[in-house]
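All chains are identified by letter, namely A, B, C and D, in their written order; residue positions are counted from 1 within each chain.
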Amino acid sequence: MPEYPTAIGTSTVDTISLLGHDLAGELLGQISFGELAYWLATQRRPTPGQLRVFEAVLVSLADHGFTPTAIAARLTYYSAPDSLQGAIAAGLLGGGSRFLGVTEDTGKYLHDIVLTLGDTDAWTAAQWDAAARDALTATRAAGGKIPGLGHPVHKNGDPRTPVIIRIAEESGVKGPHLELFEAVGRVHPEVLGRTLPLNGAGVAGAALADAGLPIDLLRGFALLARTAGLIGHLAEERQNPIGPAVYAEVDRNAVYTPPAG
Amino acid sequence: MPEYPTAIGTSTVDTISLLGHDLAGELLGQISFGELAYWLATQRRPTPGQLRVFEAVLVSLADHGFTPTAIAARLTYYSAPDSLQGAIAAGLLGGGSRFLGVTEDTGKYLHDIVLTLGDTDAWTAAQWDAAARDALTATRAAGGKIPGLGHPVHKNGDPRTPVIIRIAEESGVKGPHLELFEAVGRVHPEVLGRTLPLNGAGVAGAALADAGLPIDLLRGFALLARTAGLIGHLAEERQNPIGPAVYAEVDRNAVYTPPAG
Amino acid sequence: MPEYPTAIGTSTVDTISLLGHDLAGELLGQISFGELAYWLATQRRPTPGQLRVFEAVLVSLADHGFTPTAIAARLTYYSAPDSLQGAIAAGLLGGGSRFLGVTEDTGKYLHDIVLTLGDTDAWTAAQWDAAARDALTATRAAGGKIPGLGHPVHKNGDPRTPVIIRIAEESGVKGPHLELFEAVGRVHPEVLGRTLPLNGAGVAGAALADAGLPIDLLRGFALLARTAGLIGHLAEERQNPIGPAVYAEVDRNAVYTPPAG
Amino acid sequence: MPEYPTAIGTSTVDTISLLGHDLAGELLGQISFGELAYWLATQRRPTPGQLRVFEAVLVSLADHGFTPTAIAARLTYYSAPDSLQGAIAAGLLGGGSRFLGVTEDTGKYLHDIVLTLGDTDAWTAAQWDAAARDALTATRAAGGKIPGLGHPVHKNGDPRTPVIIRIAEESGVKGPHLELFEAVGRVHPEVLGRTLPLNGAGVAGAALADAGLPIDLLRGFALLARTAGLIGHLAEERQNPIGPAVYAEVDRNAVYTPPAG
């Protein structure tokens, strides 16, 4: 007889237990949704500082206006208004490598380097810069891509980046991932020959890593944040839809080209 | 030239604006993720009381252990570990009529009745009971279903229900939907001939309605809450998987039956 | 110990059985994919006539150019090119009530009427017209919608409709659903006061019903057909993408409107 | 003003054109659904031999009994029976690296080698064996995985493999991918030190490649085939459900383990 282990939840006729706590008596009204999300993902309750950074990062990732995924969710809702879950799912399915993946890619990139650095507790900025310089040079020599740099709109600097770093500092959560990310920001012009901003998706990955979230699931937090954004888009689509106009625009400007084969 | 209106977000080279506020300067670190989710869905900032109820309801809905949707998400992750977004989407796609839909169905059911009641500000419990009695009797006469009643496990009472109601009271948010839901709890035995608990999904719908969330999107908040739960399940699946055992169990106990046709 | 019954497939170390037949020895290379799809859905092998109609209907439903679902799939692929399954799933999730649902809605609408008609084998066109007149009048009196009528582009007649009907006739598969649908086409101007074409999605539903496919799953065949169309769109998106242009167009023409609340 | 090019479809008030042909006059009833799927994916009409192989491969991939993806689709349908498209989408989302990905991985693996071989038209089996031996040795030296080998059940040989190869031969479609795959089957015991069967997912990838399907979309054809299988599972789930039993089994055998953190 197979057994299915879990630490998440269990219930009896009179109680519901979540993460080893009584849901009704100990959690409802006493922790925020963000705190529960952190706790579920790590099976560890966040410190107040970790929670502050986590909530700030979720807020920073929730929406980006008319992204391809927001448009896809709106078009899906227009086609199938009977299935809100389908429209949200369609929006999340765009959470892949090109856009939402940057958070995870940056967190992983930094983490792989941090793992090689030994004890960095007393490091100076110059030491971080040296480590960043080595890493970027190696990445570039191998033909790799450095995630978290550059932004199509915020070319002079992403306004989220310094604020997330400051919040992490104030919260006592700033650690090696953010230190290294800042160093990447300082030294990359030497290595790449041009200056790019540290983008908001990248700083989110670094901050989540320093706040103790699992590196392999960083994309999941971008998806959680985006779920709130998608609900906002779908609420607005109900009131003030763009789906029909997008469809009409594409359909009307379709240009038939002969098949390739 | 079509225009695509939105109140959600806009950005310039130096700023990101969300809901008419400067994201970096006014929101990051200053509002919780729950507050942003409320604000995005309604384009209205919650009062502290509304926010407290909203966060409590999200916490109450986030997880229910090995639900069919959690199992589906885990099996999907087992099959396609390269696509976390696919596993989360698969889990959300079960957010339909049978399980997650109860929140929305209850909110709508109560709301349709509330709309017919006129000014209920000074109503007594007896007046709510009379209104509930009329509504349940009419629903039953029409062969309809009364949502929010009954639970497969918590047969003596769902432990979440009184806590959510108390939090709404303390927060000054308890309104006609919860009043009517409580009245349904008191009078349904007369109408149905048996006593059922007010379930947690139902009280969530009533509380969200009283907290000012849009009735037509209540399912969306169940889905948002469940996204956090699904991330918890997938984090655990990485460490301590059940997907292979579920698959093996079903496959090994498959019994071939001849085709019907 | 639970058992999980299925008639679909079973395998041993040396054989794979599908629908009670040896996959390698009896099916591969001997039946078309369309035949297998019919067989899987009904657990009954189609007659040659049923199969001809089924394949023709699938061909008729496979693509409709830049539909909202095709655009959503392309945008999803642009965002997450690493997950083809996610892009196809996003495209299918738009297969709801507004567009793809017409096939199922028409099949069900006709079927519910057919069930009330008794033995119609020897009916004349006049008898079908009378039945259609009664049904449309009753639907309209109840405020209901008549599915399968009207098309935004093919206002003078949908070119697929007569061809599907002819194929069903030639194949000996034309039955009460198509007879009734044709009668709807003849009598609706009397009832509605205007003349609308019988659309291709509607005739697909009627033809699938006459070909013996299960009424409750008609939407599934529209989804199967559309999967082939979506693969075509994604193949083209790889070569000649429109996703970036759609995104740029919407983003550039976004107009910020103040939040409602 | 942006333009959106496409060769797939276009329509006027009186006509629907698909791939440059009149849908109603030239395609409906005259090509099979499989032929249309090939044509849409490649924008090239298949030869009769290519079509025969393509349809056979789709048949071979359509179903595998109670796979994790079939179980996930059934659980999703149980949770949300109002959204067939959601259940199918959930099933397809498991079409990732672990199970359905083998078809694509094998096709790509073989194709990358074939591209290096020059003109192989007149090659003997010994030449193919030498090429395979070199490739496998190199893959193994680099720590890579050889896709298409081994099967958890069909340990003595996958019954689909020789039949697909024979159909390709008979159809004049057998080319370098299948030749190389057969050579892998002959020489891998020397390189790996053990003998594994050439599996059905792998031969499907090789055959699709030889049949002219685009290598980068091979996963798409596995997904198309699986859509038919999923419709079969969901049709059966309506009649003879396993979802409730799977849920009950997992839920009842859940074992609570303390949180890690």
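By definition in this document, a residue touches a chain if its C-beta (ideal position, glycine included) is under 8 Å from a C-beta of that chain, and two chains touch if they have at least 3 such contacts.
Given the structure is predicted, the values throughout are model-derived calculations rather than measurements.
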Chain D reached from chain A - shortest hop count over touching chains: 1
Comparison of A-B and A-C by number of C-beta pairs in contact, larger one: A-B
Rounded Å distance, chain A centre to chain B centre (Cα mean): 24
Centroid distance [mean C-alpha coordinates] between chain C and chain B, Å: 32
Distance between the centres, which are taken as Cα means, of chain C and chain A, whole angstrom: 38
Junction residues of chain D, two or more chains touched: 1-2, 4-7, 10, 42-43, 65-66, 80, 82-83, 85-86, 89-90, 93-96, 100, 240, 242, 246, 249-250, 254, 257, 260
Residues on chain B engaged by chain C in the complex (per definition of touch): 1-7, 10, 17, 19-20, 42-45, 80, 82-83, 85-86, 89, 93, 250, 253-261
Sites on chain A touched by chain B in the complex: 2, 4-16, 18, 22-25, 27-29, 31-34, 36-37, 40-43, 52, 55-56, 58-60, 62-66, 83-86, 88-90, 92-96, 100, 153-157, 159-160, 162-164, 167, 200, 214, 216-217, 219-221, 223-225, 227-229, 231-236, 238, 240, 242, 245-246, 248-249
Of all residues in chain A, those that touch chain C in their complex: 1, 65-69, 71-73, 75-76, 78-83, 86-87, 89-90, 93-101, 239-240, 242-243, 246-247, 249-251, 254, 257, 260
